[in-house]
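I've put the structures underneath this note.
There are two complexes below, and they share chain A, which is joined by chain B in the first and by chain C in the second.
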Partner chain A sequence: MPVIVARDLTKVYGDNRAVDGIDFEIARGESFGLLGPNGAGKSTTMRMIGGTLQRTGGSMLVAGLDPAERGPEVRAHLGVVPQQDNLDEELSVRDNLIMYGRYFGLPYSYLRAKADELLEFAQLTDRGKAKVGSLSGGMKRRLTIARSLVNEPKVLLLDEPTTGLDPQARHVLWDRLFRLKEVGVTLVVTTHFMDEAEQLCDRLVVIDRGRIMAEGTPRQLIRQHSTREVLELRFGADRNAAVVAQVEDIGSRIEVLPDRVLIYTDDGEGALEAVTTRGLSPVTSLVRRSSLEDVFLRLTGRSLID
Partner chain B sequence: MAEVTRGAEPFAALYGRNARAVIERGFKVIRHQNWAVMVSGFFEPVFYLLAMGLGLGGLVGDVTGPDGQPISYAAFIAPALLATSAMNGAIYDSTWNVFFKLRFARLYQAMLQTSLGPMDVALGEIFMALFRGFLYAVGFMVVMLVMGLVVSPWAVLMIPVALLIAVGFASVGMAVTSYLKSFQQMDVVQVVMLPMFLFSATLFPIDVFPTAIQWFVQAMPLWHGVELMRDLAVGHLDVATAGHALYFVVMSVLGVWFTASRLRALFLR
Partner chain C sequence: MTEGSTIADLGRLAASGRVPPPEVMARRARRWGWWFFVEAWLLGAKAWAVSILLYMVVTPLLYLTALGLGLGTLVDRGAGSVDGVPYLVFVGPALLVSTVVMSVGGELTYPVMAGFKWQRLYYGPHATPATPEQIAVGQLLGVMIRFVVQAGIFWLLLVLFDAAPSGWSWLSVPVAVLTAAAFGAPLQAFAASLEDEGYQFAFVQRFIIMPMFLFAGTFFPLSVMPVTLQWIGWVSPVWHGTQLARQATYGAAEPLWLTAVHVVVLAAMALGGILVGRRIYARRLGS
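Our next item is the complex of A and B:
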């Protein structure tokens, strides 16, 4: 039985359809992603799952309960990591964990030990007494994630967990999330980073302008909507558009971005050879495997990160 | 797919039965708080009392009290200042403070991610506001006592009445906050509050005004708070006193109902 079921989920702000009738199901223990650019409606969807935002239409069930009708009960089993950290700046690092547990009605006897365990999980054991304001961005993010685990949630909602973090901090966080996945926590992750989606998600939906464009595992999506390989060519900003006519027939599809030309093909090296045979000499060339970025480009005609 | 059980509990959507945790958080913060901030709320009415009561009082001399007997100018304005400070504190907590914690500190957002509901947050915050109001009221009473302005045992009731006034204003204030979208709009609240303070017979008797304006003033809540406090300060209780108290009971009931109906609009946006 799926743990989260959304049907025709809709949120309208004025005349902006932020979430425009989407359907999805998330299985227990699954790691599910919402991939889409800024403004796609990812955060809005996440907040409707937790029942902290009123939906305009459609239905939503979390563990069989409607969060709009039974918010406190539903959230008792959820861990929420919002896009922007909302730590309690007036409390110490450790008290942030303890008070948050109190909001779930958990007893101090449980919370004292749990706080120590979570401080370790977040690699913040030596910062327990510090004020939240003195933490770095990466530390705050880890604390927010640790805090979301205080009630041992069955489902963890992570809204852009690593946006704004440096690569090293991202990898530390991903490692933490893998561990949770291993112990059976259901992860719901939004991101506009395709590498994050590929790393973390068993299955995902690509969402744009409040609508679902495609759904599947990362590999399925790439297979369905892109070729095996991509040849990236840079001819210099003013020449990219000019050479298109000469390479158009090489791959199965071509995309012209402001800074490069992408040739979609199952044989990248062969395509590159064909390009050079025609007497064209790109400034740089690169053969790589297709990614979710290519899927998004194919589906929407735009890149994920603008 | 499991059946949705709808409406099993009328408050299941909004209330997690744990307002206590919000209060605990409030006390934890107060304990570690900057005392200067806390204490300033106490000194404001005291400074008014000293400056106006003693300063202006020297020029004005005695004025007529609620029971027709002459009282010192300081004794005339002290109850009014207590009512005003209960109003100001309640309005500050239910508008600025709520708006700030909602939009900027994101404190309520964090609370509402847990098994707390909007009702827990509202009840907890109102309790904390009343607790602060209680401390200020007790402090102010002590100052009145020291200045010899307390002449009746009924004056003890000024403390619970300060809380009643606070509930009335805080409950309406929180509902109003649910309509506000920016700090600029909050200035409108100030535009209502200041004239209310100046014209509600706080610093001079109401009969200086023409009849039409008197009626208008008498419709405003602060005037009732001021009169109620003044009656208690000298122990002059009659039907009018009960009427003033009733005004606040009704205002509180309506305000709480109004706020409860706006909880979703306030917190779940």
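Our next item is the complex of A and C:
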């Protein structure tokens, strides 16, 4: 039985349909992603899973319970990492973990030992006594993730877990999350980074303007909605549009972005050769594998990150 | 998780077997969620404990010295007594109640704003089994615990200054806390309803708290004021609280019905504020 089931899930703010009738199921132990640009409705969906936001319509079951009616019971199952950190800056790092655990009715005897384990997990052991206000952004994020584990949840909701972190910190976090998945924790991740979705998610939905555009594993999505390779060409901002007519027939599809032209093809090197044969000399050229970014571009005509 | 740690360690971290089932955690939170917020509040307040305590001791000393001994000497020389007692005895319980209410103006305004907006402190517990209603009540109760201490210290000083002759004078402590709740709960609800930066709080300070302090029977009996201004006392929790505190500290004479009115007004304001505040917290955190 899936641990989370959403049917026709809807949230309307005024006349803005932030989440517009989406359906999804998440199996136990799975790592499930919601990939979409800013404003797609990812955070809104996450908050309805935990019942901290009242939905406008549709149904939602988490561990068989409706979060709108059994909020405390549902949230006792969950670990929640919100998009914006909301740590208590006036308490120490360690006390943040302990006091958060209190809200689950957990006794101090358990929490004191647990806090030390979680500090180690977050690589913050030596900062335990420091005030949260003195931590860097990456440390705060790790602490927030550690905090979400205090009740040993079977399901972890991670809303943009690595947004705002530098590349190295992101890889450290992905490693942590991957290991959690390996020991059986169900991950629900929202992100607008295609590399994060590819790294973390077994399966994902591409979401835009409150609607699900596509669903599948990262590989399936790329196979269905894009070619194997992509040739990226830059001719200089003013010339990109002008050369389109000359290269249009080379790949199976072409996308013209403000700063580059993308040619979709299963043979990138061959396509590049064809371009040079026609006497065109791009300022730069690059052959790469298709990514979820290309899938999104295909489905919506826009980039994930604006 | 350092490089050397193993999957087994992580397995224990994720499922040690020492955590009760979710239903049990939820049940505990449903019952005690408000108290868990108080615990966190108290821990946060610990950082300021010394300066708050100092404030709690110095404020009464300043007021009692200036108004009781300074002004009081003058009043007693002129009028003989006020309400049948020395001025210090008359003004003491009123100062106790008023200074506590003035502190409410700091404790249930900006911190509420920080909870919803500046630090988003409420959103942490909101993602746990605790409910918005419990957060609202916990915020109020944490502050009330502070006021028990603050009023208790003031009362001790009243006794030391010989300004609380009745054996029941300790009752002025719960009276002051009830008054703080009567003013604080509606103020908290108001603060929770504000979306902007809270510039209204300065207005509350100047046009509600100060007039209550000056005109609600603190320094002179309400009856001395022109009848057209006496309503300020009637609508002000400070007056109702002050009159009750005076009965406690020196047995001020008042008809029983009026005493009942004081208690009912204060309790109704506190309860009404809590009920409205809980709804505002639930609406705002859940939207």
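As a working rule, the second predicted complex is superposed on the first by the 306 of 306 C-alpha atoms of A that agree within 3 Å, B and C clash if a C-alpha of one lies under 4 Å from a C-alpha of the other, contacts with A are read in each partner's own complex, and residues count from 1 in each chain.
By definition in this document, a contact is a pair of C-beta atoms (placed from the backbone, for glycine too) under 8 Å apart; a residue touches a chain by one contact, two chains touch by 3 or more.
Fair warning: this is a prediction, and the values are worked out from it, not measured in the lab.
Novice: Putting chain B and chain C onto chain A via the overlay, clash or fit?
Specialist: Overlaying the two structures gives a clash between chain B and chain C.
Novice: Once chain A of both complexes is superposed, is A:L87 in touch with chain B (first), chain C (second), both, or neither?
Specialist: both
Novice: Answer with first, second, both or neither: which of chain B and chain C does A:G105 touch in the superposed model?
Specialist: In the superposed model, A:G105 contacts both chain B and chain C.
Novice: Just to be sure I read the superposition right, which of the two partners does A:Q54 touch: chain B = first, chain C = second, or both, or neither?
Specialist: both
Novice: A:E182 in the overlay: touching chain B, chain C, both, or neither? Say first, second, both or neither.
Specialist: In the superposition, A:E182 touches chain C alone.
Novice: Of the two partner chains, chain B (first) and chain C (second), which one does A:E273 touch, if any: first, second, both, or neither?
Specialist: Neither: A:E273 stays clear of chain B and chain C.
Novice: Determine, under the contact definition given at the top, whether A:E120 touches first (chain B), second (chain C), both, or neither.
Specialist: Second partner only.
Novice: I'd like to know which partner A:D66 touches here: chain B for first, chain C for second, both or neither.
Specialist: A:D66 sits against chain B, while chain C stays out of touch.
Novice: Using the superposition on chain A described above, determine whether A:V5 touches chain B (first), chain C (second), both, or neither.
Specialist: A:V5: touches chain B, not chain C.
Novice: Chain A residues touched by both chain B and chain C?
Specialist: In the superposed arrangement, which is not itself an observed complex, chain A uses residues 50, 52-54, 70-73, 75-76, 78, 80, 82, 84, 86-91, 95, 99-100, 102-105, 151 for both chain B and chain C.
Novice: Which positions of chain A touch chain C when the two form their complex?
Specialist: 50, 52-54, 63, 70-73, 75-78, 80, 82, 84, 86-91, 95, 99-100, 102-106, 110, 114, 117-118, 120-121, 123, 149, 151-152, 176, 179-180, 182-185
Novice: Considering only the defined contacts, which chain C positions touch chain A in the complex?
Specialist: Within the complex, chain C contacts chain A at residues 1-2, 5, 7, 10-16, 18-20, 22-30, 32-33, 36-37, 39-40, 43-44, 47, 119-131, 285-287.
Novice: Using the touch definition up top, name the residues of chain A that touch chain B in the complex.
Specialist: 1-2, 5, 50-54, 61, 64-66, 68-73, 75-76, 78, 80, 82, 84, 86-91, 95, 99-100, 102-105, 148, 151
Novice: Show which residues of chain B lie in contact with chain A when the two form their complex.
Specialist: 1-7, 12-18, 21-22, 24-25, 28-29, 32-33, 105-107, 109-117, 120, 264, 268-269
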